[in-house]
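Take a look at these structures.
Each of the two complexes below includes chain A, the first together with chain B, the second together with chain C.
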Partner chain A sequence: MTSPADGRQRWLTLLGRRWVLIVLLVVVWWVLATLLRGIHTLSLSTATDTWFTALLRELTAVIRGNRTESPVFIYLFNPIRVGIEGFIDSIRAVISVPAPGNLIPLMGWLGTLAVIALIVYATSNLRTAALCTALLLGCLVLGMWTYTLDTLAMTLGAVALSLAIGLPLGVWAGLSDRVMAALRPGLDLAQILPTLVYLAPLALVFLIGVASATIATMVYSIPICIRITAHAIRSLRASPLEAATAMGSTRWQLLTKVQLPMARRTIILGINQTTLAALSFVVIAALIGAPGLGKPVVEALIIRDVGDGIVAGIAVVLLAIMLDRATTAAVVHTDEVLDMTEHQRRLRRIGLVVAGLATIAAIIASRYLMWAAVVPERLDIGEQVGRIAGTVVTWITTNLGFATTGLNEFITVTVLNPVEGILANAPWYLTVIMISVLAAIIGGRTAGLVAVCLLTAIVVIGLWNDTMITLAQVLLATVVVMVVGVVLGVLAGRSTRVERALKPLLDAGQTLPAFVYLVPVLALFGPTRFASIVCGVFYAAPVVVRVVADGVRGVPAEMVEAATSAGSTRTQIITKVQLPASRRSLMLGANQGLIFVLAVVVIGGFVGAGGLGYLVIVGQSKPELAGKGLAAGLAIVLLGIVLDRIAQSGGRSRPTGQDRWAPGH
Partner chain B sequence: MPLPAARDWRAASVHNPSMSAAPTIRVEGLWKVFGPHPQRLVGSPDADLSRSELRTRTGCTVAVKDVTFDVAAGEVFVVMGLSGSGKSTLVRCLTRLVDPTAGRVWLGGEDIVAVGSSRLRHLRRTKFSMVFQHFGLLPHRRVIDNIAYALEVNGAARDVRHARAHEVIALVGLQGYEQAFPEQLSGGMQQRVGLARALAVDPEVLFLDEPFSALDPLIRRDMQTEVRRLHRDLGKTMVFITHDLAEAMKLGDRVAIMRDGAIVQIGTPEEIIAHPVDDYVADFTRDIPASHVLSLGTIARPLATGEQAAEVALPAATIVRDATATILAADGPIRVVDGTTEKGVVGATDVLRLISGEHR
Partner chain C sequence: MDIHPLSTRGACRRNARPLAGLPGLALIVLALAACGGGVNEAADTAASPAAEAPAAETETAAPEPTLPDCGDWGIAMHAWVGYTASAQVVAEVAKNVLGCTITQTTLDEAGTTYDAMEAGSVDVIIEDWGGGRWQEWVDRGAIGEAGLNGNVGLIGMYVPQWMCDANPDIADSANLNKYAEQFITPESGGKGAWYEGPPGYTTIGEKMIAANKLNYKVINTGSEAALIDLFTKAAKNETPALGYFYEPQNFLAKVQLCRINFPANDWTDAAEASGLTDYPETPLVKLATTTLLESGSPFATLVQNFSWTNADQNQVALDIESGMSPAEAAQKWIDANKDTVNGWLAGTGASVE
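Let's turn to the complex of A and B:
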């Protein structure tokens, strides 16, 4: 038997050797890449087809041609499309889209506002209802009222459908291991699938429009709902279940009287996450014709008009906060009600009746009084806000341009270009071999094998060079994310003060749709690869900070106390105790960071970052490039799987539940 | 209760000699084996291997090994063992929370092991109930609805089940807490809810799985007294699982000691203290004050020559501790009688010897 100290010593030497090996390999790689620069890079102009992209293009043409003829379309896809469209449009008809010839939808703005406030009040409390009303009024004065309600209608509709599918499946997966095992591959894939990837195939089948956007949103949010619901059921304490069984409950009674009520809090939290995920996706789904706030954002990104984009972005943020607060308050509310006295209950009942009557009055007013029906123009300050934002950005770019442009150019020249040089401007076989060997060293033989196969597949479909351009950005952004994440995560894990200070930022980072901060980043750094890296960092850092902070906080207090009493300095405690002990969390953080970064860097293609994301987006808009777009989507997925496999190795067993429930865009 | 002298427990103590009525529970050859192909191990010589050896050889663990005993109506039967001895699995086999690998469990003439799931549910709702170590209360229900749960799943109307719940709430002293949620109560109070819940269906048998292990010592003592009082008032048959021998001695009419899944000794507390079947049991009992368990009859000796017995006589069943004052006050060893027969004498020196541990 070796003593634990011996074991640790050996482990350290092993790791040391592994690091030495990796560094050596990278040096060799760099030398070879420099020597063989520009040979066999497989670079391809955007318009050039490969055999594979040509095949895909012809396939899309065939699908387009069959839309009105093939029975699969007539009896399956088209009815689904019509059904979903009808469902969403019926919601929109109530709050956002006037019937032909009408001035307003079923209700004017005042009525809609009152109904939403009433619903929030009924499911939580008066304070939250007031806050939500204020946030919606904010969207209203920004001149984004109709867009906001369109987004709200899309989100609520998609959430309703997602919950209708996700909750039962989640409960089932929570109860049965077999169902969980059957669903797991799909859930895992959904987590590493960047959202941009499935927009095009869905649009191909369900056409550009509300239906595709809703289905894409569901594809994105259902796995989250299933995962959290199953986790909620699975993590219940065992003894009440055993007791209820011992008292003669049937399985149905056990489910409805014990398991669901006990899991209720977590399930509502799942609904919260599902809703926020749906909102962020609905914004992005503007790319395939979703109505709502995403539209002005996309338009602003296309014409690079920062002002309008920022106004819409603010409205998205307000809406996100509103949905988050409303659903979170519903969780808290379930606890509050339990503690209420009889008197408080009566007051609340009276309050609800009064609010209900006021809502009815507001609905009627909004149908007959002009000011309550159509948002009065003098309330609209959207234009002013847009102009101010535009002015601020212009001022920054002209006066601080030396800083932003300087940083941009510095990073691009000193880091990004060399990395891209090694990955993309070297012979493809060198890159494939080197990545695979590194994968095998870091992630084990399986990871190496996966890397060889999938990278070769990317070469075969002909998008090698673009993939490597994307990979360079992903790697760079991930390194920054990890540095930021570990530093802030350790700080937050060690000090509740830092944690409390960071919490609003982290919350915002996790609630905001990634699309939204593309606008200011684009304004500051222009349409460059650097801008997309910055976006990736912003999007992924909060998750990594959370995971690392959780890990550090999870280190047993005795361990830290023991190290302190052994005379360690603070740095020694961090480097010798807290970081090694939370190694699992660090690996998980790296994994999450990579996946999140990939998702956003791909979207960065939209703002001039090139690579696969750009191909996906042009593929969307130009039919002759449709094949290339689809192939680029496939390459993104393959790249994602390779990165996931490599980064996952350290974390070993796949974490479930909270750690990983928020996938990337 | 008459006190039997030393006896071979294997022959007699499986049944309670003092209770003539038909047993409420009869357990016959009960086995529970965890692992692949559990049936193969039942009754095989392999089952006698040590746990680790068995695990490496077959991948199985024998949690309950050929357990047989009877529990008479109204008796408190305690199963005592250290952690890992199989006692919790045993009680779960008796309630079919765990399905036994082999054997029979007769409860009032019905084999629990063989009944179908709907009959089993019926029995659970009406015939027996269970109290759990970690209480197992439903956190989202008020005390009263926790207690009424079994009645609710059995289809009782709301006012019927609440009326019954109020009865048992009064019984266990929970008045005033009906509307509280479990998390607002202390551990002791929570377990009172657990007890009330188990009593709500007026079961024939109460299974208690280490009900007080999670409680503080003082509260544990209160709860033990409470269980004694409930047993005296209601006369329920109880199967009580514990790892605490003092608790076993205090509560049990009879005690079964388990080790590695098998019962090593069954007997009254006094039999176990006075005649431990092997070193393992003897080791256990060493810390129990014998004067609290043994009766005068057990330690009575013949009058020595030249010794003068006192006039005072006490029944043989008197616990030594309760007789101490009388013995010390008497001017000589007192006489011990069983009805009309003289069993011998006990003097102050005998008591001191017993207390100082010399007796064993």
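Let's turn to the complex of A and C:
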């Protein structure tokens, strides 16, 4: 192994030569773009169709017209929709939705709470069960009980279906290279596909409602499940497998008796990640009619009721923590059980019997006692919390508005407008060529080729200008995200105390639906592109902080010690040792930052950011612009692939599902 | 409420010990479900006054015509307060007077809701601005028009009142270019910023700018929240702002805006607008699923008869905005306007007193 100093040197020269080239190119680009400003920008008014969007619009009309007649719908899509709806509604009928004319679902709140606590206890331990109960009680006290259970029902239903598909596929992909190769493009695409993009096409086929929301959630969470399960099977040590094969096990025996039990821990971790991904999506899916906590969150944006939105947002975070801890504890529990003494096992068995009896009592009580059936009104402090939150936000927006407006205008004039000028206000061919050349330099020949092809495709479908407006915001937001991510990530990576202090913030940041902070951001920054950038930063920073912190922590202690004994200062250690040594994590962070930022550009359309996000939104509500909305979704995907190709090149390894979604780890 | 004696308890007891784990628990839950519900049974009898009232009367007075069964129906809830006011009043009358079971579902306007109606998840839109966007769904027989709701919508471009006070001629669209410079922001690329309405609303700003050769650039605000924020700040800080707004909207009672007048309108379908002229006055429309319209339910009659004025709507909307729950605000208005409500109920056999 080369010494850290050598490696660093090589890295710097390599990078240095590249940087000079890149800077030169950007200068040339800027000069040309300024000279050719406003020529061939392909800008298009919102209401105007291109050949492609007109085609898509007609297609949507045909699909809508065929929903009741075409055999594809009658024998395939409609039965799927009805089946999924029935499945989810049967879960909701137990915990959240009373049958017509009834006051409560199958169980009142106390019964539901007891059943959940019992399930958690049975799969992990008493402490986790108590924690989960407390978190659910928090949702109850916030006045969000029914919404919370609707979200829980949707999440659990979607997770069950996702696991039913994802686990077998994951195991298969873990066993067979050919299957993995066949699945990989789909898995890769799913990771960069911004969630809001596939809501519209799904709603077109499966209609607005529970079914579309569930399928959309599955599309989001199944790839994560497949990836982690396959990884679990693949990363098993070879020796036990060889031993089992040598003893004459069949392939089936090998799988069920050796591989699956050994991979159990990682597979449960996969279930954990699948669950959290599903939860985060169920909230967004309120946009296409998913019941639950997403509803008040989305409504809050439209009627500007910040308080209610924040209360619902807190409930989402509580529910996420609960699901995370419950599934994580289940992982730990699988190990603990092995170490238990006979006495402990007996104690646990007695505990389970007692808890089971208590649960039955609670269910009965919740069906016959009013206070246990319907949440008593005086327990509900949601309104007060909402009012306080609303007041705080109002105070902040009125008193900080001055500073934020200044910052907003400064950044917009000095950075955003020039960047957008180069990307969107220059001739399209100049931009295509320059991005492709840069892509080739940074990401290699393939990345350059991908960029040429896909950017040209965007030109052909006719959404070039909007795409570039979006790209300008994505780039700026990613830069900010990286600065924030590296600073906080290094701090957290170097000190466990900082890490512990940041953890709840990161957890909340990753689970809080972006809609919650749209209204305050809007109040602070007005309907501007900058507001959308701020949203992107909020959304993407936590994951980058995590990845960077993880990288810094992974730097071998000897390297840091060596540098310290050689008399390096703290700044030197950070900039010369820890950051270069965690280069892969930094690149992965940049990749994830980009993808996460891109995922919220659609949301930016709600706060005046224009570009592709606005087109997606307007396409969903105006039938005459449906084609443009779908095309904008496609353009986001194409842009995402280009950016991913470029940013991926540095941190060679593909991000796993864990990197994408890791609260609590 | 006390524990109800359970006559069927014995029959429902199962041998499922909790140790049997989750399947056992599921069995218990199912078994309990089969037992019939204490709280729910009580709710059944208490929650349907309409079903009970006629029965009580037949014993004393001459038999009155019993109400036909109203059924389960869904009302789409759009997110502006005015809509909430209208929909909530209809919902309260339907539930409390006609004994209907009403589900209110929050949905985006236009396409989203038409699709939901076609799917059968909601039945009524109480206020639609769409001017015929629903034709495709009508042609397929999914939805039908249920008359006008009495409100008249007027969309327009507005500036804060202080601007009109300072420069009275700004209200004439012909003078807009003279003031364009005042409206420049970092967002608007050297032109005046023209803040356009939210995605689902009828908007023709791009056409108006092009046809009238205005030196303005459309900025799509993306939500009504953004516009309200914009005008609130512009009024308070006396800063310039040109944006889309509409009535009936009770926000106009709180912040004074001044309408920019374009030449009188010559269109009803936004797709055919020349852009030279102003937005039209839009009589707002009620839409319902054909299932509801053909059901003969008294709820269909109520929806078809419902009609009120912009002032009525503003009154309820203002109560909602000042902290009353929509249901309370609606009930307050119903109590104060029984004659109007009874007019809507004509033909159902029910009435409020």
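One rule holds for everything that comes next: the second predicted complex is superposed on the first by the 554 of 665 C-alpha atoms of A that agree within 3 Å, B and C clash if a C-alpha of one lies under 4 Å from a C-alpha of the other, contacts with A are read in each partner's own complex, and residues count from 1 in each chain.
Following the convention adopted for this analysis, a residue touches a chain if its C-beta (ideal position, glycine included) is under 8 Å from a C-beta of that chain, and two chains touch if they have at least 3 such contacts.
Predicted model only: the values in this text are computed from it and were never measured.
After superposition on chain A, the partners chain B and chain C are accommodated together without colliding.
Once chain A of one complex is fitted onto chain A of the other, the partner contacts of A:Q620 are limited to chain C, with no touch recorded for chain B.
Touch criterion met: A:A246 reaches chain B, while chain C stays clear of it.
Residue contacts after overlaying the shared chain place A:A130 against neither chain B nor chain C. Contacts of A:K257 after superposition on the shared chain: chain B is touched, whereas chain C is not. In the superposition on chain A, A:A181 makes contact with neither chain B nor chain C. Set against each other, chain B and chain C differ in how many residues of chain A they touch, and the higher count belongs to C.
In the overlay built on the shared chain, the residue A:A562 is in contact with neither chain B nor chain C. By the document's definition of touching, of the two partners only chain C reaches A:R67; chain B does not. Using the contact criterion defined above for the overlaid structures, shared-chain residue A:V413 touches chain C, although it does not reach chain B. Across the superposed structures, the minimum distance from chain B to chain C, using CA atoms, reads 23 Å.
Within the complex formed with chain A, the chain C residues making contact are 1, 3-4, 17-19, 21-22, 24-25, 28-29, 32-33, 37-40, 42-44, 47-48, 72, 79-81, 101, 105-116, 118-119, 121, 133, 136, 140, 186-187, 189, 195, 199-200, 204, 206-207, 210, 218-230, 233, 271. Those residues of chain A that touch chain B in the shared complex are 237, 239-250, 253, 257-258, 261-262, 264, 338.
Across the interface of their complex, chain A is touched by residues 95, 97, 120-126, 129-130, 132-141, 149-150, 152-154, 181, 194, 197, 201 of chain B.
Within the complex formed with chain C, the chain A residues making contact are 45-47, 61, 64-65, 67-68, 94, 98-104, 106-108, 115, 118-119, 122, 203, 207-209, 287-289, 295, 298-299, 301-304, 349, 352-353, 355-357, 359-360, 363-364, 367-370, 373-374, 401, 408-409, 412-413, 416-417, 519, 522-523, 526-529, 605-610, 614, 617-618, 620-624, 626.
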